[in-house]
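Below you'll find a set of structures to go through.
Across the two complexes that follow, chain A remains constant while its partner is chain B and subsequently chain C.
After this line comes the complex of A and B, so read on.
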């Protein structure tokens, strides 16, 4: 055999070997398409259900501390919806009733809980706990009529009441999604929720596995307020990846974006009476810490407003709503002055 | 014969390792400490409403230095997670002077780089967010120690002032906590800060046109809260 032919064969062999090694490595890579649902433990749990019984994920995958977990705000004795069908119906009214896939996500066994930690473990129950923070933070709870006009501040006379109605009226559908939408299997950089919106369509919000199992219920609640701002209002992120949250950055506070609304709600949650029957000291502290993470991590321009400057948000909510929403009112730019960075 | 010697060496080494792991002879005190820390961690939401939490807190306050040291690894070495925030919160509930020092170490730790995706997908770096939340909580917990331990108040206040001056990331939290802690005396700290921080020393007031509404609402809310809270107590205060 001529030496040139022999050389071609050996090059072909080398390429073949390199290709095989590539395929081998690819097969064992996280999120590999050949390994269906490799990184979706919730989807796996649903697929592996026997006789309708699902072994719900009992902890967050990327926390290695057995002593702690974000489910401590999910212990069932502080969930008023647990004992009341009327309260559950009220929570469903936020868009869960219109949502897809909830039937698989705990509709049948929503009141099951982990006997050791006493934490509710179905995605639906954990979503109810998120909404509970929106509903029971205002003292009227499920008795609040969310159907009044959002401009009726004589009725919605605290920001917490207003935000409960805002979340109801400004979104159409909340879907359950069992996927874990992270960079890689063990990554801690994940999508919590995603909103799809646009003209001439019903908006919807998808909640991912991270929403139920990787973050606590106060963070879940503020995430809902955040997503709802993207929904019917269609206010998208305006930042240019100039802050730690990168593509989820807003340019500045005064654009009244999703991060501003999330912070307003966290501030309102914080500024409730200390002897509040639902908001415990730990939840209040958590809200304060989350407020600061957004303040420092989600705007391109530094935010001048702090928790102290929002102390009256539950007394005169219209003042704060009008200021925060100033970007929607280009005819009255003076309203923006108070919130200008 | 050689294989018999090898097996013997393995057995001796195995036995030595097992003994030195200390599993069989953990001191009772330490086991108690771990149990109370676990109890307090798992019941922070119910807090003082839970008897088990109250009992654990009494124990942890009596053994504050040991409990602080036990949580030191989690606070300073572990990657950000809810449990890290949780432990930082708890340190504020039982902490002593060693806790104030530990919290300051946490505040001074450099933040890792955020790994959020640059474009398209709105991924949030949860570990980064929790790292930041833990540092903010460390400031809040220092203030909590000051309010629970009058004997440590001066030390904690000095630490908060130093934090506000030295660590821009948590400056507003430190000043906010100082204002809550000191009340009207907060104004005496003005000389420690520059003109750029003047806004922290002026209480926020809405424009004059809103004042009448503000007063009316405050009165209304006080009345409503009294009525509604009494009605809701049995629903929400289990254990």
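After this line comes the complex of A and C, so read on.
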């Protein structure tokens, strides 16, 4: 055998052996996934359950919430679904029914509450409270038919009605996850939810401990709208980490990304009548604060539109939903979601 | 068909199948925004500076510095801030005696919001508000950096502390 051929074979063998060693080391290396995460208090609470009773974690709101003011959104007496199985079924229709792991995250005891704070305490109940903001922001509540075409603005005559149907129709599965998806153990920099999507597959959204216990229910609701834009629509973040939220940045408002949708929903929620039976002044204030936070931290290019620009969002929802060319110039490729920027 | 042709056909078919499987299996993971840290950002003089710190000084700080408009190549650095710098910044942020000043300046900044626009040759107009925004609280603080708005001494101190912490973060990682 010529020496050149022999040399090639031996190189090939060397590469093969090196590759096999690499695979072997990778397979047996104790990665983080094998190690218990000391910060997973919800997972630990589930593991430590006795006779099916779980000592659910307490709220740990990390942002400054003076006097725990947002905790009232989770109090059982302001949960319309608490005494209505029909309403709970309606809420399950948002993709929770198809979701995984809800069985041990409160399915059996979703009406329990903390006797001191009166807040419902299971992850499922707190997820219901997230969706409640989508459902009861509409005066029809759980009677709204979410099956109409999303283009039917005679039926969806407010943005809030349209968004409730949008979230239903664009979600396949919502999973419960007991983990805290943080940068490191004891880091407060944690992911709220994560969406997995792609062609030829059913999308799913995983909700983490931070979703249930670290943020209030209005924030949870806007997060759902955000994630759903990633899900069936597969609209991914287009920013290049050039804004404070890093990988969760969108390039600009008019790309119609997850942050734009989240802000649109918050604006619609904010612009409801003052005597709304479900949206109290505290909830409205929360929506305003979240809108401002996103406006100033989630886009590479600063957003020129403020809440006042969106005052008519519930009167003419179709104007805010349809995308149109920003400019009559055929060479301008930008598509605008209602207001250019 | 010769054996060679069959082999080639199988190879091509295998490659096509492999490519299709790749497309089918391709998934995108999109995490929602992270929470729990405090973010200071300043858009001023055609430049953006951002500093993210956690409540604990045992967690690393992250900082970013880029020209405006921010392009896709905006670079972030991560470092352990000097605990004294970290504590000084958070002390100013959570000093309740300062809240009325921060609140008043935020309200004044919202009213006076003014975009500075520029058009670069061949590009669309780019606009930004010269301001400092502090997020991670129940609602963001905003401090306009424009001559019409006179900030309180307390807000100015917070901004100065943020900028020196940012500088420390940026310089500390410069040599890495």
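The criterion applied here is as follows: the second predicted complex is superposed on the first by the 282 of 341 C-alpha atoms of A that agree within 3 Å, B and C clash if a C-alpha of one lies under 4 Å from a C-alpha of the other, contacts with A are read in each partner's own complex, and residues count from 1 in each chain.
Keep this in mind: a residue touches a chain if its C-beta (ideal position, glycine included) is under 8 Å from a C-beta of that chain, and two chains touch if they have at least 3 such contacts.
This is a predicted model, so every value here is computed, not measured.
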Combined model on chain A: chain C and chain B, fit or clash:
clash
So, A:315: does it touch chain B (first), chain C (second), both, or neither?
first
Touching A:300, do we find chain B (first), chain C (second), both, or neither?
second
Looking at the overlay, what does A:117 touch: chain B (first), chain C (second), both, or neither?
first
Under the stated touch criterion, which partner chain does A:242 make contact with: chain B (first), chain C (second), both, or neither?
second
So in the superposed three-chain picture, is A:133 touching just chain B, just chain C, both, or none of them (first/second/both/neither)?
neither
Taking the superposition as given, does A:255 touch the first partner, chain B, the second, chain C, both, or neither?
neither
Of the partners chain B and chain C, which touch A:41 in the superposed model: first, second, both, neither?
neither
Go through the superposed model and pick first if A:157 touches only chain B, second if only chain C, both, or neither.
first
Would you check which partner chain A:197 touches, where first means chain B only, second means chain C only, and both and neither mean what they say?
second
In the combined picture, which part of chain B sits where chain C already is, 166-174, 184-192, 202-210 or 220-228?
166-174
Show me the chain A residues, by the header's touch rule, that chain B contacts in one structure and chain C contacts in the other.
62-65, 70, 181-183, 187-192, 194, 210, 214-215, 237, 241, 244-248, 288-289, 292-293, 296-297, 304, 306
For the chain A and chain B complex, residues of the former touching the latter:
60, 62-65, 67-70, 72-73, 75, 77-78, 80, 117, 136, 139-141, 157-158, 181-183, 187-192, 194, 210, 214-216, 237, 241, 244-248, 273, 275-278, 280-283, 285-286, 288-290, 292-293, 295-297, 304, 306-312, 314-316, 319
What residues on chain A touch chain C, complex-wise?
62-66, 70, 181-184, 186-201, 210, 214-215, 223, 226-227, 230, 234, 236-237, 239-248, 258, 288-289, 292-293, 296-298, 300-302, 304, 306, 332, 334
Interface with chain A, chain B side, in the complex: residues 37-38, 41-47, 49, 74, 78-79, 81-87, 89, 114-129, 132-134, 136-137, 140, 169-170, 172-173, 176, 179, 199-200, 203-204, 206, 210, 213-214, 217-218, 220-221, 224-225, 228-229, 232-233, 235-239
List the residues on chain C that touch chain A in their complex, please.
23-37, 39, 41, 43, 48, 50, 52, 54-56, 58-59, 62, 64, 66, 69-74, 76, 94, 113, 115, 124, 126-129, 133, 135-140, 142
